[in-house]
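The two complexes that follow have subunit A in common; it is paired with subunit B in the first and with subunit C in the second.
Moving on, here comes the complex of A and B:
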């Protein structure tokens, strides 16, 4: 329970900082909108509803993936200012609670962006989901967590690297590929209703398994990252 | 003992002992001989394939690269785990493990690259296209991406953090590979690609076995040779770095005495 309190403390601190500045959410939202706009140049979303349905799942996740990378890159930089991270290193609380708090905060930021983005996306791309749209309530958080948990971890890993803005996507994208595959397949499946419900469920289960495995791995290895010298 | 003799004694340990040098040369000669036998078997002795003709001979090179490209990443994983275990217990031994991890990652990337290239050369005449997003090809490509990103991390990370960070990344990559394999297999078997006709593993004819085995053995020996070579170079770099650090400390002590 003490551990949970540490996590909540870190989470509260990050939420408060974000509430005061709102840098991450505003930046991500605008970036995602730009990606949506650029994809509408690549194909005509209103003219071809079937094609739009088939590729919208992918476009949505690409927009979220790229925009969340911009925020994740900044996630740890506010800890560097005034040597806050050094203080965190010496703090008696377990290192993984710092990580979990940060990852949960990032999850909330990205989910906020998705909540605003989703209606805009539906309007701009003239989407009518043919499958069970309520499943998105499961797919979006699970997929976002898969991105955010690894992203927060790799952002901390590359914190002192040269070109750290470049390093994060180079590490995050290859490791996330199975999760991205599952997210895109599940989302397209719900939108087009082409594949049957059992398969969509299997993709969601796979996403959940990916989340569990990589969350465990991140929690186990975060201390090595924080004290890597 | 003055400073000069101390340094010369220590640098003497960098040079490889004579027996190791002799073993390396003998190993290299043996590797070349085995590869030559494999070459002769693959290109001249083995009969041309009934369906595919001479093109099928690429298989004798493609298969060893594919098999060994899956083996060397395990060396990398074991070395990385050893590094993480030894890091706080025995830092000097941990450095050795790190050198092995780097060497095996480089050899992995080399072999997977060769596997992809020979695979494309094989696919073009047989399937009619250079590349298809089939389960196995996609998995191999992602394997390649993961180990290239590993090497990039080693290049970009802060010098004192390279070893622990890359060891952690190696664990991530190793956990990711089976998941990639399962998910993509499951995904693509839903839509079997019609061009995927010439299954290579299905029932090897007896005439195919000798050239295959000679080539696997030869490329394995070659891989071990360059792995050890890269390992030795990396060890020398590490020892030279330690030497620099020691000399700097000695020099500063000298200044204080003087």
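Moving on, here comes the complex of A and C:
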């Protein structure tokens, strides 16, 4: 219970900071909308509905992936400013609670952007899912968590690096490949109904397993990362 | 050079709150600390003087457990600083506060992180702010504070955690003379506050303004090129 309270304290703080600054959400939203708009201009979504449906799962995750990297890169900036991170390092609360609080805050930010992006995406690409649309309620949070948990961790890993903006995508994208594959396949499957429900469920299970494994690893390793010199 | 900084100078040394044994800290080719040994007894107040780059801040950061010594060992109450996180508080040059939050929001947040530690800090951010002369009801965020106000808010942040060992890096910088004197009085008062562990409170502070810290300085260490060049106890003459 105490641990959970620490996580909530960190989460509340990050939400409050974002509410005051709105740096992460604004940046992400702008970037995501730009990606969606550019792709919709690259081909005619209404002229080729089948092709659109086939590639839209990938386009959606490309928009989310690239836009979330802009926010994740900033995730620890506020902690470095004014040496607040040193105060965090000296606090007796568990280091992993700081990580979890921040990862949850990032999840909320990205989900907010997705909630705004989804209707725009559907209108731009003239989409209506042919498969079980409710499965998106599983795929989106699981996929987003996979990106966010690793992104928050690798952003912390690159805190003391000179080229940390460059380092994050270099580390995050290869490690997230199994999750990205599952996200895109599941999303495309739901949109096109080309693959059967069992296979979609397998992708979702893979995503869930990925989330559990990497969340555990990140929690276990975060203290070492935080106190590294 | 090895120095024992004990305020009393008596034969029977009191419990060491902090101890450095042959500590060196090297950054690349630059040695910020060179074979420093010192013992700071519980309840003592030590002022560390020295030029820029003499190693004062590094010494405090090593004691705070924020950096590890390249060689030698550090202990706080006989254990590593990392195992005594709730007992040490460190105030840096930077305010260590979130710019987008008010002072009260900052302090409430940091107090919540000490909840596990059975300290009396929860619920005391308002008191800590009043003690340093800031209004807890101030709705301005820290980004709109003057340097002096930030410094005071930063001091409130460390005091509210009810530390046994207080490490202050240049606490008087950015303060006007009157505010600096108020801070000295507050720190002198803070030393008399009882702690639930029964230990007396220990203060180590670095400054360039030795005259301001004079009332607090039971022991004065002067650092030069990463070493303790001189130790002066209030009751004794400075060592050669």
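Here is the rule we use: the second predicted complex is superposed on the first by the 229 of 229 C-alpha atoms of A that agree within 3 Å, B and C clash if a C-alpha of one lies under 4 Å from a C-alpha of the other, contacts with A are read in each partner's own complex, and residues count from 1 in each chain.
Just so we're on the same page, a residue touches a chain if its C-beta (ideal position, glycine included) is under 8 Å from a C-beta of that chain, and two chains touch if they have at least 3 such contacts.
In this text, all values refer to a predicted model and were calculated from it rather than measured experimentally.
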| item | value |
| --- | --- |
| Superposed partners subunit B and subunit C on subunit A - clash or fit | fit |
| Subunit B versus subunit C as contact partner of A:5, first or second or both or neither | second |
| Partner chain in contact with A:87 - subunit B first, subunit C second, else both or neither | second |
| Contacts of A:225 with subunit B and subunit C, given as first, second, both or neither | first |
| Contacts of A:175 with subunit B and subunit C, given as first, second, both or neither | first |
| Vertex subunit A; arms to subunit B and subunit C (CA centroids, nearest 10 degrees) | 80 |
| Of subunit C and subunit B, partner touching more subunit A residues | B |
| Subunit B versus subunit C as contact partner of A:217, first or second or both or neither | first |
| First (subunit B), second (subunit C), both or neither touched by A:78 | second |
| Which of subunit B and subunit C A:17 touches, first, second, both or neither | second |
| Touching partner for A:157 - first (subunit B), second (subunit C), both, neither | first |
| Minimum Cα separation, subunit C to subunit B, after superposition on A (Å) | 5 |
| Overlap of the subunit B and subunit C footprints on subunit A, listed as residue numbers | 229 |
| Parts of subunit A lying in touch with subunit C, wherever the complex brings them together | 2, 5-6, 9, 13, 16-17, 20-21, 78, 81-84, 86-93, 227, 229 |
| List of subunit A residues in touch with subunit B within their complex | 150, 157-158, 160-164, 166-167, 170-171, 174-175, 177-178, 181-182, 185, 195, 199, 202, 206, 210, 213-214, 217, 221, 224-225, 228-229 |
| Residue ranges of subunit C in contact with subunit A within the complex | 64-68, 82, 85-86, 88-90, 92, 94-101, 105, 109-110, 112-117, 141, 157 |
| Touching residues (chain side subunit B, partner subunit A) in the complex | 84, 87, 142, 145-146, 149, 152-153, 156-158, 160-161, 164-165, 167-169, 171-173, 175-176, 179-180, 183-184, 186-187, 190 |
